[in-house]
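Residue numbering begins at 1 within each chain, and the chains themselves are lettered A, B, C, D, E and F in the order written.
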Amino acid sequence: MTGTTTPLVEHLAILPVLLPLAVGAFMLLFDERRRLFKMVLSLATVLALLIIAITLIVMVNMPSGDRWSTIFVYPLGNWPPPFGIVLVVDRLAAMMLLLTALLGSATLLFALARWHKAGPRFYTLFLLLLTGLNGAFLTGDLFNLFVFFEILLAASYGLVLHGSGTARVRAGLHYIPINLVASSLFLIGVAVIYGVTGTLNMADLSRIVPTLDGQARVLMEAGAAVLGIAFLVKAGMWPLSFWLPTTYAAACAPIAAMFAIMTKVGVYVILRLFLLCFGDEAGASEEFGALWLYYGGMATIAFGAIGVLASQSMQRLGGYAVLVSSGTLLAAIGTGNSAVISGALYYMATSTLAISAYFLLVELIERGQAAGADVLAVTLEIFGDPEEDIEDEDEEVGVAIPATIAVLGGAFVACTALLAGLPPLSGFIAKFAMLSALINEAGDIPASHWAFVVLLMLSGLGTLIAMTRNGIRTLWVPAENEIPRVRAIEAIPVAGLLFLCAAMTVAGGPTMRYMEATAQILYWPREYAREVLGSGPTSPGRSQTTHPITGGTP
Amino acid sequence: MSAAPDLPLWAALLVSALVIAGALVTLIGSIGLWRLPDFYSRLHAPSLGATLGTGAILIGSMICFSVLQSRPLIHEVLIGLFVTLTTPVTLMLLARASLYRDRVEGNRAAPEHDPEPTEL
Amino acid sequence: MSNGTLLLVALALPFLGSIAAGFLPTHARNAAAVLAGSVAVAGAGIVVFLYAGIADGEPVRLWLPWLPMLGLDFTLRLDGLAWLFAILIFGIGALVVLYARYYMSREDPVPRFFSFLLAFMGSMIGIVASGNLVQLVFFWELTSLFSFLLIGYWHHSATARDGARMALTVTGMGGLCLLIGVLLIGRIVGSYDVDQVLEARDLIVDSSLYEPALVLILLGAFTKSAQFPFHFWLPHAMAAPTPVSAYLHSATMVKAGIFLLMRLWPVMAGTDAWFYLVVPAGLVTLLIGAFIAIFQQDLKGLLAYSTISHLGLITLLLGLGSPLAAVAAVFHTLNHAIFKASLFMAAGIIDHETGTRDLRKLSGLYRYMPFTATLAMVAAAAMAGVPLLNGFISKEMFFAEAVAEHTGSLLDDSLPYWATLAGVFSVTYSLRFILGVFFGPPPVGLAHRPHEPAHWMRFPIELLVLICLMIGIVPSLTVGPVLATAVSGLLESAPPYYSLALWHGFTLPLLMSFIALAGGVLLYVALRRYLESGIEGPPLLRDFKGQRIFEKLLVTISWQWARAAEAALGTRHLQPQMRIVVALAVAAALSPFIVNGAVGAGGLPGSPVAPAFALLWAVGIACALSAAYQAKYHRFAALVLVGGAGLVTCVTFIWLSAPDLAVTQLLVEIVTTVLLLLGLRWLPKRIENVYPSRPPLKVLVRRCIDLSISCSLGGLMAFLAYCLMTRPVPDTVSRFFVERAYTEGGGRNIVNVILVDFRGFDTMGEIVVLCLAALTIFALLRRFRPAPESIAAPEQQRVQNAYDEAEPDRSPGDTVTDYMLIPRLIMNWLFPVIAVFAVYLFIRGHDLPGGGFAAGITLSIAFVVQYMASGTRWVEDHLRVLPLRWMGIGVLTSAATGAGSWWFGYPFLTSHFQYLDIPFIGKVPAASALLFDLGVFFLVVGATVLILIALAHQSLRSSRAAQAAEGGD
Amino acid sequence: MEIILSIGIGVFAASGVWLILRPRTYQVIIGLSLISYAVNLFIFAMAGGGLRVDAPPIIASGTAGDPSALADPIPQALVLTAIVIGFAMTALFLVVLLAARGRTGTDHVDGREPER
Amino acid sequence: MSLLRRILPHPLLFLALLAMWLLLMQSLSPGQLLLGSLVAFGGCWVMVALDPPPVRMRRPQAAIRLAGRVFVDVFRSNVAVGRIILGDAERRTHSGFMSLRLDLTSSYGLAILAVVLTCTPGTQWVHYDPARRVLMLHVLDLVDEKEWVRIIKQRYEALLMEIFE
Amino acid sequence: MNAAAILGWSITLAQVLLVLAMACAAMRFIRGPRAQDRIIGLDTFYVNAMLVLLTLGIRSGATLYFEAALVIGMLGFVGTVALSKFLMRGEVIE
């Protein structure tokens, strides 16, 4: 053994990727009859992820040296960046990890009430989705990002189709090819960027972009533009987002709820790459594409709000609410104003939690109409998987108590307030933070900002109108309908997510401070690049000659 | 043209001859694919490339590498072996399949019944 | 406990109570009422306790940090004005709780009612006690939310639902405007803190943002306070239980708008803009409300419109901008809250006892409930402005202000006439209320005989009417100090001189009061016949229903237009979406060129063209184009053609120095062909030629568009590829890899070393993708339902089986057995051969083309060959494949290899290699990366086999299903 | 060579895009295959140092490699990953289109025949 | 013998696989011999699972004679077929189907015959009916059917029967 | 003209001939007319491509392209077998 070794705690950075991956794979070794074992194992995994995410948040929030925040860089294979792949945990990544873990815990718990039985190998698919999400948030390498995008997409294809059924298959028929095309665009963009800059490391990229000469810069921008379209498809920008409401509406509740964070991955990447490559220090490429994001985001808000109003089904409404949320974030990034972005980050957390809670809730509310499991299936024993379909709907899925409807109603009101940006939950603060940043921008308030403000307000109003309309239709009108049966493990996730929103309101100060610091660090790409590239391999001198572990000479 | 390996002249000439001959035979076979009038005749064409064409080029390759590395290098034999073993599989399956198809569709190209065995 | 903390307790109590009430059992109405009542009483007690300090001119303050970076801290500030409102909120709240205890029926889930009511109470306190304007908006929106829940409390009734929704929509909209207005104020002042805002009149009034801020804030206030043209929601909110009407729609919520106007009065009032925006709104509301109130047939409707009118009066007073008018506004707010709450409660009692609120059915109730009737009459008299009652004094002050000179404009000068007219109307509707309900013949057709209500239900009215009288008779003793405190809170300065005396001599206002009383009586007499005819609504404005217009507008915009816009701006079809994605990608990629000018090819000379390569690509291009042309009707041909294009790609890879790619691409190509054929089995024959002659023009145009989109993307890619291939090389990171692949990665095949070591993390991800795809396919096929046309065995098999059956010396299945006889033998023997080749590819991968992935695919091809040769059943009888296990083991092996480096203290996937010296054998490279690659190998075998076999199993399943169906017949 | 490969990439991509814009699922899957060829070649063409003939990135003797003598290995590694992922996705989409065909009774990409 | 069979079920296959391995590795080093034996051994055991019909080769030396004949014939017919292809159109119209009765029954013998006939340009194995023992061929230059029957039966079938039966 | 040049030119010539052969095969599978014609075209295409790979190997003087050629030689038939069986039986795996 030579050289210094990595402190144990630094390996935490890889765990959000590795843990669900390993557990997911491990569960493939056991057949589906060992359901309890798998339930416990997967629950333990998401809880562990939650703990890891919280630890990481605490760690990045600690001042290190002369700075008030820490960036952890984890060089995979101990190859120094920019050559090897690195994982980078900064505030933004840590926050996204936490959001993923929260959503993961809530939706998994919810799914364990019954949805996990709707198709084979649910746990593995679900945990691998978490792997993909966490990897996409952590990675500091452009192509590795592609790989993790593909993981999360592949898992999402499986999960959208989970439970089968015509509507889901039909939705998959749109969702999959569009994302495949987007993935192709992703690859083209990455290839062009590599061809121009000769690197795949994001931090390295931010260092190289300002130095590019005229022609190279134009080509680089072309590559970035194609890449941007790929991300915008995933982020759901109008007019690239028509697949989204249909898909979200078709997916089963816990999956739709988990998907609340899927568009945020696109937004996250845009935020990260846009500010790294085209931020204030990008020379002639500064602010490249900002207007596209700004106006595209606003168009998305408008379209989302229209869709929210036009939706007859609650799930579809949720899908459009996702669009509103995406559009808001994109437009906020397009402003290029760090105060707006810190508000937007707060908004991102809030709206993700809220939409997730909403999708879970809608399923509980509309439980009466739930479609039965349909198909009979025959399987050969060869796969070690016995046939077991989701049980009949007659099965006791929960106790019908009169208060259920009141609880559901209360949760629905909370969701409405969150999505429309009304008090008392964090939706109001999120909207206020963004509005306040927009209105308090130095100098005259530009007309485009006014447009954004008006759109924010109108989308809130539209959401309010639509959600009251739908809420009244489902919760207040049907006096004769059966009271939905709800299990505690279904109610707890909803309550938990809403509670988090409430906590974000009460603890608005610390949360907002975190977001502010996050936004500020995004504005210092040079700092980020220095942190990432400056971190050498664990043992000194690997990049020179010696191998970390004494090996024979070849 | 990028440079070809530096062989002794005799080897270069031999290899060249073999390779060109193999390529020519293969080309003739493939032209047959184009010129022969019906499907069953065309079935005979590819075996030119698969046998003589492949053989010539493989031998050329073997000579080339053996000379280059000054030791017998005959692993290309494997390619010849597998091509010989597998091409017939395809062609047999294909011939029978098209016979079936032609018969079902009543095409003139295929006899309606198997011809009576020719006895000596 | 400091005063600030006490205030916080007063604010928190209702919310805590609300939560507690929410947890009470559904029918615990006494417990809930006691809880709510004690909260209200305690709150009132605290507020009263706080009076002393406030009266000295020092507001109670509390500051807690919340969102300091946004200028939003939790700030409480209770000055005189707020105190007055707070005491109204708690005091009337307590009475309403008492009343509601008797009003609400036993069947209602009462705890929920009290829970909402308490939450609403807390929100109201929040508004008035806010020391920060954003916080005020926060509570403001909360009142909208809780009032929605309260109005919709009886949600089984459609009117309640509609009323609730309308109230929420209108007030919610106003709240959003208010938020922006407040944000603008914050921008002007630099703070949302009420204390600071109140000191910044000059800043605000002189700012260019003053007008927009004013408009937005007024929108908020007017919607909440039901000012014209937003007044229409209030009458519809009367579908709420009467306690709610009494509380929200007379005493508190509607006064929130008034409170806001008062709060900002010192810094925003007194300008022309203020005057011309506020006064007309107030005036129109005053008149229209009063006028419509006269013609209401619903008791609560009458009260609702009268409320609107009184709110207009107060707004008008505030609009005038003079301190004295503000005093009058404060005073009237108090008075109106008191008499209107009691009137609503009286109306509720009448409704409760008779079962109706329709004035056409009610009559002569005095004889059944004289006590209640008397109380109602006193309260109504106060509403009409009869002397010796509180309404008289404030109305007198209003008349005085109407007469006074403010701006000298025509509007200002005409005010006395309008004020008198409004007075006339108010007398008329008050008379109608009293005479219509309590006098006249006994009512007919009532469900049961009315009688006096429970005493405690009437008690709140008694108390309120008593207060009316006390204020009306001895104003300066009773209300004087409170009013003074409130006014000084409002004005932020010493109040002007005003007198609360009943008698000021024979003044113009007195004359106006007299005219109003007399005129009101006359008007009532004149309208009596008309009113008794039972026509609903006022004569002139009957057809003009704000609510109807609003609903129509709302439905049109928020539903019909939204649906149309969604359809117009979106699509649910795949093709347009694909077009947009591709076209936008092209546009986005071209935009930098448009902005910065075109970029030419780089300076590199480029490699010389090999003729064979050019010819090869001519073939490749022909394949691709024909595949594009044939894929619709000739699926099989398209498959072959794509295979051709793939092979050209492979040869290109080899030609351009990428043997690994060629090997992998070839193997994948083979598997994909088999896969697509397996799939083709389940795609029924296509109906040929949809357009027998010529496709319609629309289709042709669409094809032209598609053609141009596809050509533009192709052109773009070609262009980018050419530009980049001919550009001088940047120093890429691959230098590092090339130099270290052997010395530090222990492999000669750099690509493989990158895959398993330098960028092993990518490979790990990639196998996870493959694993996921396989799992998804497996899951989907478990529930696969084939197309009906393809359930039966393929036509070929049926024909051949029929033939075998017909021939005497053959049995079904012989054809296939004969067919496969020799190929099968060869293919069986190839299995170990291919497997050995797979092992070879795996072992040599680190140094030569090959590697785990290629090896895995090769082995799975070996399996597939067996399946093709011998059939599913036979293979599975002979070879036991557990693909899911293989997959699990594969991923775990890779992950465990990666994690192994932890043990040595290095990051994940840190590789280790060594040359082992084994006796007899010599030096053997042993890299941990090989173990990693082994995982890849396992996974690829498992996943590929799972995919292919799961698909192949469908034939068995459907034949089994077909047999089962036959057996069933 | 560069111009030939560029044109080839362009034609593959254009044919692929034409097919994914067609209404039948099978056309889409064929189109996706063609696009993935084009994209793989495109990535491959981004090699630093341009196209190289006879310079596979395999180190001949047991020494450190010479970057100027070998083709850029990174794009090749990326293409390998892309090939695998492309294969997985093709397989998946194939099964989805089969399932859709079975359930909806049509092979139209919208899962329902367009009304004419 | 039986012990060897029990340990090494398909010795011929073992040798073939080992040879293949050594060819692939282009090496005869002891390490590769050992590794190759291991791999080949594994391959043999995999083959056991597939349970192929037993191979019985009586006269291996006949196999060499056969190989020589085939080699010559392949070369000759390559030339012949090449002429047909490049010749005038009339020459390309003499093709046709024919059948003949085979005495060979060993499946390995049949397989080798099939490979030989198919590999040789000019003759194409189409279909063999094991019940009637009739082989159907397609011949490119079908002028004299009897001549073809003679070639097949005498040049190939006889040798194959010598080897396998 | 030295030996390398002779070999170089011959290989170039051979490659042109082989690619022409590929073109002939490709014409068969592009034009058909029947499915079986396409399959036989593809099969020939594979073999010809393999020969092109071999010539590339000879020119490079390195055995690095051998694996690719061997893959075609050993496994290239799998695709065409699947296609043929599909024609005959309507199903690849029964």
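Some observations on this one:
Everything that follows uses one rule, which is that a residue touches a chain if its C-beta (ideal position, glycine included) is under 8 Å from a C-beta of that chain, and two chains touch if they have at least 3 such contacts.
For clarity, every value in this text was computed on a predicted model and none was experimentally measured.
Centroid distances from chain B, each centroid being the mean of CA atoms, peak for C. Taking the mean of each chain's C-alpha atoms, the chain closest to the overall C-alpha centroid is A. Each of B-E and A-D has its own count of C-beta contacts, and the greater count is at B-E. With every chain reduced to the mean of its CA atoms, the largest distance from chain E is reached by C.
We define each chain's centre as the mean of its Cα atoms; on that basis chain C and chain E are separated by 74 Å.
Per-chain CA centroids place chain C at a distance of 40 Å from chain D.
Chain B and chain F, compared by their mean Cα positions, are separated by 10 Å. One simple way to say how far apart two chains are is to compare their mean CA positions; for chain A and chain C this gives 18 Å. Multi-chain contact residues, meaning those touching two or more other chains, occur in chain C at positions 572, 574, 578, 582, 608, 610, 639, 655, 659, 717, 720, 724, 729-734, 737, 742-743, 759, 762, 766, 769, 772-773, 776, 780, 783-785, 796, 800, 819, 822-823, 826-827, 830, 833, 837, 844, 848-849. Contact with two or more other chains is made by residues 12, 15, 18, 20, 22, 35, 39, 41, 59-60, 63-64, 70, 74, 76, 81, 85, 87-88 of chain F.
Shown for chain D are the residues that touch two or more other chains, namely 20, 42, 45-46, 48, 53-54, 56, 58, 60, 62, 74, 81, 85, 88-89, 92, 96-97, 99, 103, 109-110. Partner chain B is touched in their complex by these residues of chain C: 608, 610, 796, 799-800, 819, 822-823, 826-827, 830. Within the complex, the chain E residues that touch chain C are 13, 16-17, 20-21, 24-25, 29-31, 34-35, 39-40, 42-44, 46-47, 49-53, 107-108, 110-111, 114-115, 125, 127-131. Put simply, chain C touches chain F in their complex at residues 610-612, 615-616, 618-619, 622-623, 626, 636-637, 639-641, 643-644, 647, 650-651, 654-655, 659, 662-663, 666-667, 669-670, 673-674, 677-678, 680-681, 793-797, 800, 816, 819, 823, 827, 830, 833-834, 837, 841, 844, 848-850, 858, 861, 864-865, 867-868, 871-872, 948, 952, 955. For chain F in complex with chain D, the touching residues are 59-60, 62, 64.
Interface residues of chain E facing chain B in the complex, by the touch rule stated above, are 20, 23-24, 26, 74-75, 78, 81-82, 84-86, 89, 92-93, 95, 97-101, 114-115, 118-127, 129, 134, 136, 138, 140, 145-146, 148-150, 153.
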